[in-house]
């Protein structure tokens, strides 16, 4: 496949998944979507010749950030139970 | 599709703002702020990209090979770190708000009106 | 505003903002055709003048090193902020949970998960250190490596209990290490002044391009940043975990 | 080395304090923090003095420009930037002294965060690189979010901190988008280099949009209407020592950034459309002043009242800067100092009241301050200074702004600034008379709902520590006589002439050459009548409100139609972001329309 077509496709995917993040109103499922979104951004950075950023984006966006969100949600849930 | 990346950046920015404006859950809201942020990645990436050039890493290739713009990539790296820190702070605030207000719904936070 | 009103108002504003974006992008060259003499110049000088084979690292840790100093302190400040935000108030029950957690070893995961995690810890640490150290040679550096290193601590959490995790990662020590990593950058920068240069000047001798010792201070700055980033992230995760796990351990 | 000290000294100390947080006592940590602040103040004052002739340029890592391309990051220190940094340091010092006995258990983290905040403000005002400015913007925000929500046991505090954080985070992405757009056009991040590239052709929609994105991002920080919503929430709930920094200097940093980006980058490029730009931003300033004063007068929570008065006065500074002349800028600079000390002093008095009586509600405090003549004097002196009494810092600044407005044909601004000063001062005096004298009715109808403010200290105290009273008194004293400092206006005019000379700045940064600067070095005559009139009006409004039931009733009817204005300050983050989007789009489209 032509590289430009591939680039266009992945850009459209990013736009679509970004929209999905916003419209996933349940935060727990949203964390999962965000994880995919982060991964996809990382892949996009690789394709657009930015390996340094891709590496940190995958580490941060696909792992650290969703984890933080899940932990925050778990704390909220626990606070709810305590009530 | 020569301007597609710019359009995607604008779309992410606006849809992220929409998410923030219409959110019913503060954690969801924080995640939407993250989407606004990712708009700046796409924009910077598009501005730094040069058709037909390689990544600016010269360990295996001649230093004279034409490469894409390393400056914006450095800016993006900064941006990524900034994102994770801002999100950590915002999530922390959201958790504490839930602890004190007992809700994550911004419609029910009425402490500061007027 | 009522929800409907807000949505309507937002919609109108967003259309206008979209128009602004469109006007802005109207003047932009097509993707791949933007020009920057700045970027080209940096690409041209990074290998001959700094012996750094990754131009992004050259920008981050040398040419525009001051940005990275600020960025590192953004991380540092935010971590401090999270510590402050999540601190336990006097009116909250719980108090000192270090005592409560001690001695109770209840694994949070199944044996298979624990063994896998255990097996992964060492390679992750090695990989993280490798990425930290090779920033000037190949993609990677203190930030990326630091994040990877911090995930090693998570694996440790998966394969042990929270109390063991806490012992392996004592909060106070991590805080000190993180702060030390942050100060290291300033100290290296000030070293440039002591040796007769300007702040953050790369005054150390340069080695052969493509090797670890190729680029003077960049290597050491990366080590400091790696320490700071991994310490900071572990600290944030620890704080988020704190109250959660307490329950499990009891 | 000295130009970098204002940034690295506080940062280094902050890291040190964080590392030693459990090892050293709170008192020692405070002593170290204060010592570092004093040293930073010295550096900043030296820089302000040394850069009087031409900017001091410092290239980090010795990466100097090649062929007109700025490689590295530079600090381009000029008296206005260094002056604002010095002022920030001065207020930080006051905050440290005030907080010595204020919090019962102020952790060492508080000191470290305040120092990081200080470093960010210094770096922000000294840097000559657009992206570096963004980095310090973020550092400032990160520290400010945590400081704002410091009282985590207070629900209002958390919500205020959250609103503040979301608005500022989005503002930062506006700025970043703008930077990216300008980089695409100019291939530069150094402001001087950008201005040279942009000068070569007429601005198109890309450049204008880049300008608007950056400026609106900074105006969110500066809390200009309609981006101002976060400010009242954040200031009303932040701990008092933090409030004085937020109100006294942090938002003014936003205005400095606005002025800096305009004069360092766009001044020549936009020269043909200067009038349209002036109209737009002066209008924004006027609206800000009017909305701020109106909202200020309606409040009964004193901290919130002071926060809205800050918005009103910010509008006046905004007018001064938006005249885009050296005179207006000089006026705004002096106004910043004058307003900063006075407002800080008022916030500190509010802090003293909170410390003593556990509330800052005007009605609850009724007549409680009767036995505190010293605090009352400080409060009323500051309150009168806020109206711009002659020889105060505010009067000195506003005289320059009026002169600049007259020169540009905006004579009407005089009445706006006088009115805003008088109304905010009247609100402060009204509250003061109730609290310290116990005159007039105890309650009003039609005022803002009560807002709980949880005390920052454990219990009501029977006496006020000297370390809390001293900074308030000193700041009030400075505020009332600042205008008497000889040559203050002339020095400010000179500094502003340097600041506004785009070509000289670029030449100094990129070529290292010093160009001569045309400076208007004569101060306008002091407007004694206007100053005293404003004070009299303020007293008259307060007196009429307190002692005449008829006027109270009439004014209640008069403001009824403006009830919606009151209502849109809803505390709802969704509303705020909607207004942010609206304001951004409006500014943007108007700018593109005007400039093309």
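A, B, C and D label the chains in the order they appear, each numbered from 1.
The working rule: a residue touches a chain if its C-beta (ideal position, glycine included) is under 8 Å from a C-beta of that chain, and two chains touch if they have at least 3 such contacts.
Quick caveat: nothing in here was measured; it's all calculated off a predicted structure.
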Selected pair, greater C-beta contact count between B-C and A-C: B-C
Intercentroid distance (Cα basis), chain C paired with chain B, Å: 16
Distance from the mean Cα position of chain B to that of chain A, given in whole angstrom: 10
Where chain C and chain D are represented by their mean Cα positions, the distance between them in whole Å: 32
Of all residues in chain A, the ones touching two or more other chains: 50-53, 56, 60, 64, 68, 72, 75
Contacts with 2+ other chains: residues of chain D: 131, 135, 138, 142, 145-146, 149, 152-153, 181, 183-184, 189, 570, 572, 574, 577-578, 581
Per-residue overlap in chain C, given as positions that touch at least 2 other chains: 6, 10, 14, 17, 21, 25, 28, 34, 36, 38-39, 42, 54, 56, 64, 67, 71, 74, 77-78, 81-82, 85-86, 139, 143, 236
Each pair of chains that touches, named by its two labels: A-B, A-C, B-C, B-D, C-D
Chain B to chain D touching residues, read off their complex: 9, 13, 17, 20-23, 26, 29-30, 33, 36-37, 39-40, 43-44, 47, 71-72, 75, 78-79, 82, 85-86, 89-90, 93-94, 96-97, 100-101, 106-107, 109-114
Chain B partner contacts - residues on chain C that touch it in the complex: 3, 6-7, 10, 14, 17-18, 21-22, 25, 28, 30-34, 36, 38-40, 42-44, 46-48, 53-56, 58-60, 64, 67-68, 71, 74-75, 77-79, 81-82, 85-86, 137-139, 143, 210, 229, 236
Contacting residues of chain B [partner chain C, same complex]: 2-7, 10, 13-14, 17-18, 21-22, 46-52, 55-59, 63, 66-74, 77-78, 80-82, 84-86, 88-89, 92-93, 95-96, 107
Residue ranges of chain A touching chain B (in the complex, touch as defined): 4, 8, 11-12, 14-15, 18-19, 21-27, 30-31, 34, 37, 41, 44-45, 48-53, 56-57, 60-61, 64-65, 68-69, 72-73, 75-76, 79-80, 83
For the chain D and chain C complex, residues of the former touching the latter: 1, 4, 8, 11-12, 14-16, 18-22, 58-63, 66, 69-73, 107, 109-110, 112-113, 116, 119, 123, 131-132, 135-136, 138-139, 142-143, 145-146, 149-150, 152-153, 181, 183-185, 187-189, 204-210, 212-213, 568, 570, 572, 574-575, 577-578, 581-582, 584-586, 588-589, 592
